[in-house]
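Look at the two complexes coming up: subunit A is in both, with subunit B in one and subunit C in the other.
The block that comes next holds the complex of A and B.
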């Protein structure tokens, strides 16, 4: 049995990892739940965002300031992606196939520019840490947690309490009916897709702050983040964060109690358990 | 077969090993793409986890061959069984979920590769350094090892393509194609969808595992990162989509094209550009070539016409005794009580009118009796047998058929195939030839024979409604629910439909006729049952019931009651 301090530290690590899962899942769950698009390219965008953060930081920008450039640029990418998918009226399953194609294209692009070697962002954030009792907290982790919570809550509040949010939810429920009531559903869908891509940029910056980057690593996130999205409930902006925290903590405990290598099985097992116990929820 | 026989001579011609190895790769990809297609192409459940099943085969052979010293041929049955079992376990969980079916399956299989890879990597199966298979004993089929691999891959590819062909032509294949188009309707017409999906998945995984078992020894050194690569899923889907997922030969053709393309890139200095290009081709194929290269040949030819062996008119057995007894059936949807204790009786040989205002629960009742929804309470007894817990396909086999108010034909099957489906899965299981003979009869009966080779999209509404009728009739049901067959028809089409309904009764079926057109109800029915708010409020002879103040009140509001 590991010591209390070690257990506490790994719990904390689980919470921070879970926040990042939630952040990655936010854009995915909105696209899947509200636009009926399973956007595998979201992972490639996150990594592209991470690499751009890395590159711009190396050029002297503060990592968080780079977001002011990357997020709007990604917003445009998201709009372009949706414009393409809407133009060809791609069904949900085929959106997964097409974005699979984009994923390998982006992976190749990243590999071509930055090579397949590992890259690590050196920022002044990385060294900042605090000691609370026996536990250490680093600034990048805290930033990730704060941003993940803030974005999820803001999206939730926007969808729930504003006219824009109501129009979006109506569009997700029944687009032609929403259109009949004067909602410009095509524009809303474009904006939402843009927002999802911007969320990928934010997740990318957070990823670059805490993790070492390699192009092939993007596939390692797919299983756990999709599990987070499905357990959290499609289209629910708070779902991925909550499910992410649960999975992050479960993984951390698994790592502490067994071996680190088994962590990838946790999310899948939880998802299978959810499918077995509550099939009607999916 | 002939092609395979000719190709089998190749290793004995003394060609350089390069050609044999290249052809080996081509056949190996053909096996993977074709096996993927048996589940994913035919039934529409796209698997992104083919690498997991292929890899499970690789590592089964690796363990048995390198650690236990078995020869390659002895390991192969296990290389097929292990992935197949894996598929069965996974499928038995995923295929039960009724929402999001295809999407959920795709995303879960996407995760499976990574999960299997993790298990292999962290257990003694591999443990990290990879496994050497160069010492695994090979059978001697050809002068050189590369010739032996070539022959094994050729044999496996031939068998796999033959299986794909046999499934494509068979009753099993028809069921899978129906699942692809509309799984709910397929189930209600008697297709055991859950079992079919599982069987196709297990078959697909077993063949992929066999390819894996041979491939592990071919490359002689395997590592987790190379075997469980996401590229395998991408290539396999690309090959099948490029060649055509609805044709048995499509994936093999696609495999040949893509293997040549890949070779061109790996041989050149532009490996990364080649990856990006593959991604681009993938996107273009999905967007612009939905049917694949063989798409236009994918339509199955009708079998030669044979005479139907079933007599046209079923013998009338008895009459008047209760055939279906529904008691206190309740069904709620998130608080809306659609059925609140319905009770009714259908007597053998009658036409029972089931009427009621919109939202009174008529369609829900049909959905509950046909098994699509499970009743919250109450009992449904058909010929003395309790049906309320039965799966829809078993209810169909018991002899209950239905039509849909908004026609739901299988959109990629011809009119003939649509009508031939229910007899294949009815109480007397027919093969395709006999089922098509049966289908011709009902197409002639409903006046659709001229349209037999068309796809349903070529039909107008009135023809689609008749297609619904023909499908329900072809099942030879004892009891048939007609759900607003007259809605949307012109008066003259309506007369035709009414004649048809009478003719259906003459065939020996008992009919529950759900309709808003009162003229038809009065003209056709022997008795009428009235539903409002999920309850039976009246039953009896049509003209008496229509005079019942409660019924008038239900239709026109309380003031008239």
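The block that comes next holds the complex of A and C.
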């Protein structure tokens, strides 16, 4: 019989892992659902953000302060990426292929600069943790959870309650019709793409706070984050967070109660169930 | 001088020139390494070790009086690509010699090609020796043909010699093929030794979340944790333990990434396999000391964050040392002549003496039941060999 501490700690591990899944999926779901771009390069941007956090932190910056530099820079990168894809009118399926090419190029760039060897960010956040009863909570994980929730909620509120958000949703629904009502849909698409890349930068910083980095690790996240994005509903900013938490907790409890080797089955079983039960959402 | 004499003199000079040019043609050695992809971090170490050897051998005048060139291609950690590239290296680039790539699946691919062209292939990281059938392959890692017996016995011998020998153990392992069967072997051997197995867990290779696994180990309260992990898995497991303030009384990780592992505070006392560490008696060998110095410089230039010479650097360099010994011993670049020489002669490498006896019950050119592996332990932030005792760092004892 598993102890209460084991169950509680596993539940926490699942929540924190799920928050990171949600954060990784936020930019991806917005680009996919609202810009019709299946942006595989999102994962490469996340890792580029993580490596830049590592590098700037090594130069003396606080890891969270590095975001003041990295996020705006990525915003510009995101705009450039969208401008390129829009210029050549790339269809959604081809965006998958093209951004896979960018992913390989960015992986090579990361390896060229930082080598293929493992890199670990040494920050003062890493050692901070609290004991609540028999359970432990670490600061990097708590930060990731807080940032993931804040970004998802803020994006949802912006899309739902502001004119900008309404214009973005209208553009995603029917861009020519939105344009007929005076919405500058091209500019909005550029801004949204920039925001998605900035979300990748934030996810990269959170990743660097908790994980050891290696360039090829970027591919390890693709499967589960795609599942999170699809289960959460394309274009829905709260979807990846909710789906991430469900998958993270399910995986963690599977590991705690049964064979850990079964955990990877969870995310894809949930994805298959979602596809079968809610096909209208995809 | 008559016309005929002049013509004869010119022809002789031309022929002499041709033979001199041929004699100066470099010896070309072809191989792949996983310069990109998931095997990249470890392959980077193998590349630096190879670069050091190429520099050294050319400073010494090369092989058989000819300079040496290394034709290295990137197999991207993909066995299918390794197969194609070895085919290309042998048939298009027409190299004189080949050596194996890094890691089991890629070596198996390269070995198939080598077998097709009857090429000698030396390799240093093949994890499942029992599937080998080719007699011109020579392992240079110093591992035995039955690691599922030799390695758990080595670790449990070391644990038994600790101040407080374990009575219970947890075996947790990746399902990565060349680790999993050794962990399964450890279960059998632990049982035969009377150790009580309190936990057995497996996870899929590529797992990212080790929190629940660490919590289950903590819950099981074993005296000793045997972790079948390689590379980053070991680091992630230790970081998961760190999060829940848990450190096992004794813990062993099969092939951890040594640099990042040493940085995790909870890794103190962790044990792992090695073939070489930067202390006596290993560095008492002048060539080993010279290699350590050169490796540090080269690794720094290559931007590797961890420049220490340990298992991977030593097995990689020993492969090149074996190739050097085989060419010089056979006085030939002929693959069969070199193989014959290797079967009859041991080779002294920086990690010890390698030999390839034929044993009827084992794969070709493998020793059975014993090898040159050692157990190291992380003490005061440094990896030091603690077992067998004769290879222990000066003053170091198993803690």
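Quick note on the criterion: the second predicted complex is superposed on the first by the 277 of 282 C-alpha atoms of A that agree within 3 Å, B and C clash if a C-alpha of one lies under 4 Å from a C-alpha of the other, contacts with A are read in each partner's own complex, and residues count from 1 in each chain.
To be clear about the criterion, a contact is a pair of C-beta atoms (placed from the backbone, for glycine too) under 8 Å apart; a residue touches a chain by one contact, two chains touch by 3 or more.
Quick caveat: nothing in here was measured; it's all calculated off a predicted structure.
With the two structures aligned on subunit A, subunit B clashes with subunit C. In the superposition on chain A, contact of A:111 is made with both subunit B and subunit C.
When both complexes are overlaid on chain A, the residue A:122 reaches subunit C alone and has no touch with subunit B. With both structures placed on the common chain, the touch criterion links A:220 to subunit B and to subunit C. In the superposed model, A:268 makes contact with subunit B only, not with subunit C.
In the superposition on chain A, A:136 makes contact with subunit C only, not with subunit B. Of the two partner chains placed around the shared chain by superposition, subunit B and subunit C are both touched by A:259.
By the touch criterion stated above, A:19 is placed in contact with neither subunit B nor subunit C.
In the superposed model, A:93 makes contact with subunit B only, not with subunit C.
In the superposition on chain A, the residues of subunit A touched by subunit B in one structure and by subunit C in the other are 107-108, 111, 219-220, 259, 261, 264. Listed in rising order, the residues of subunit A touching subunit B in the complex are 32, 38, 40, 88, 90, 92-94, 96-98, 100-105, 107-109, 111-112, 219-220, 222-223, 226-227, 230, 234, 259, 261-262, 264-265, 267-268, 271-272, 275-276, 279-280, 282. Here subunit B touches subunit A in the complex through residues 44, 46, 48, 93-94, 96-100, 102-104, 106-108, 110-112, 114-115, 118-119, 121-122, 230-231, 234, 237, 241, 272-273, 275-276, 278-280, 282-283, 286-287, going by the rule given at the top. Residues of subunit A that touch subunit C in their complex: 2-3, 5-6, 9-10, 12-14, 16-17, 107-108, 111, 114-120, 122, 129, 131, 136, 138, 141, 211-212, 214-217, 219-221, 224, 248, 251-253, 255-256, 259-261, 263-264. Of all residues in subunit C, those touching subunit A in their complex are 35-38, 40-41, 43-44, 77, 175, 201-204, 206-209, 211-213, 215-216, 218-219, 231-232, 235-236, 239-240, 243-245, 257, 259-260, 263, 302-306.
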